[in-house]
Amino acid sequence: MDIENIKKKLRAFAEERNWDQFHSPKNLVMALGGEVGELTELFQWLSEGGSMKGNLPKKTIEHAEEELADIFLYLIRLADKLDIDLETAALNKISKNEDKYPVELSKDNAIKYNRRNE
Amino acid sequence: MDIENIKKKLRAFAEERNWDQFHSPKNLVMALGGEVGELTELFQWLSEGGSMKGNLPKKTIEHAEEELADIFLYLIRLADKLDIDLETAALNKISKNEDKYPVELSKDNAIKYNRRNE
Amino acid sequence: MDIENIKKKLRAFAEERNWDQFHSPKNLVMALGGEVGELTELFQWLSEGGSMKGNLPKKTIEHAEEELADIFLYLIRLADKLDIDLETAALNKISKNEDKYPVELSKDNAIKYNRRNE
Amino acid sequence: MDIENIKKKLRAFAEERNWDQFHSPKNLVMALGGEVGELTELFQWLSEGGSMKGNLPKKTIEHAEEELADIFLYLIRLADKLDIDLETAALNKISKNEDKYPVELSKDNAIKYNRRNE
């Protein structure tokens, strides 16, 4: 995965259209939210089983692929604007999650770490 | 960026905790939505200028970095479950966007391609 | 339901705290999104059956009630700022939906009106 | 505001189409998220000033009205399914907010009550 390449393409895309004026982090967060909303619409009436890869209509997979791409692009663009390295951030978060969700406490349940005693 | 590595770590993480039972694409879409909601809360009362990297308090940047990581992790996990290659999807989408938003029509405006005549 | 009363309470609440400066429609849309994110987190790992009223833990219902309230409050506040009458808008939308989803086409399926031919 | 009337209309609408099978609380939460995503798209590139009622194009206000209606309808439907009284929940939440955001601490700032010491 060459994320640097995508980041540079997005920069060039915005620059050619003079779109940096719109790409404040605040606005990019909203754009990300809008795309997640579109993705959500694709899955809202499906059962969990019906949402599995093998059971999705081809049209829906293609549509989902476009929405995942939109989310990914806005995520990369937002990280660029905030000077955040996505890979480092992701690896750090996995480490944190290993501490918050130790196997012995989290096996077979997805209870949030701060709600274990509810 | 070694996204394959992150994908494998996430698979192992879920397997150890027996969490595949929770990770239907439908549920992962919701989890993604929840994380974007948390990110949104960080930016909702900021002005656009105040949301710029140089103007954000250190605490907020750290918090945003965690939320971006969460979003990225769920995105990778969802793409894995749907057998979608994020890099290919992203590059295809950039090409499409170049067609939908030609420089001469999109310079200095962010009007959606299908609302140009409104 | 005395929505006028709630609207006035929210106006007074904002005025006393000098919060109108934060309550642009754009910001209120984000705040609404943040609250929906919190609601989503409550339901993301539940099965559909597990999300039914009778199967939800009391704690979760209480929590959901708070999130629904937050969403409702921001919705009323946003409608106030945009001078939109929620009841009229809702009734108009129901009429539109009756046209878009005639019983004979929509019985037993939730296919979006503009995707019937996919 | 006759919310009972809207609730009954939505029940009848779902019953005629045999849609209760789709209207689990989990699914309705997703539907709410999808609609908020659509609303967000309308406001994402606007400045705060540009999002004010007086500055919005007529088309955008009409579109926003439809999205607010959709959000409201799903909110009512979800509250019905969870047996939550929206008005009571809203009034309770306003009282709680008065405690969490006392005027002397919250005047001119929108800092979240649990982040005052950050």
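Letters are used for the chains, namely A, B, C and D, taken in the order the chains are written, and counting of residues starts over at 1 for each.
By our rule, a contact is a pair of C-beta atoms (placed from the backbone, for glycine too) under 8 Å apart; a residue touches a chain by one contact, two chains touch by 3 or more.
Remember, it's a predicted structure, so these values are computed and weren't measured experimentally.
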> Looking at A-B, B-D or C-D, which pair matches A-C on over half of its contact pairs by residue number?
Replying inline: B-D
> Pick the pair with more C-beta contacts: A-D or B-D?
Replying inline: A-D
> Where the CA atoms of chain A average out and where those of chain B average out, how many Å apart are those spots?
Replying inline: 3
>> Centroid of chain B to centroid of chain D, CA atoms only: how many Å?
In response: 23
> Which chain B residues touch at least two other chains?
Replying inline: 22, 26-27, 29-30, 33, 36-37, 40-41, 43, 45, 47-48, 110
> Within the complex, which stretch of chain A touches chain B?
Replying inline: 1-4, 6, 9-10, 13, 16-19, 21-22, 24-27, 29-30, 32-33, 36-37, 39-40, 42-43, 46-53, 56, 61, 64-66, 68-73, 75-76, 78-79, 81-84, 86-87, 89-94, 96-98, 101, 103, 106-108, 110
> Where on chain A is chain C touching in the complex?
Replying inline: 26, 29-30, 33, 41, 45, 47-48, 57, 59, 110, 112, 118
>> Which residues of chain B touch chain C once you look at their complex with the stated criterion?
In response: 22, 27, 30-31, 33-38, 40-41, 43-45
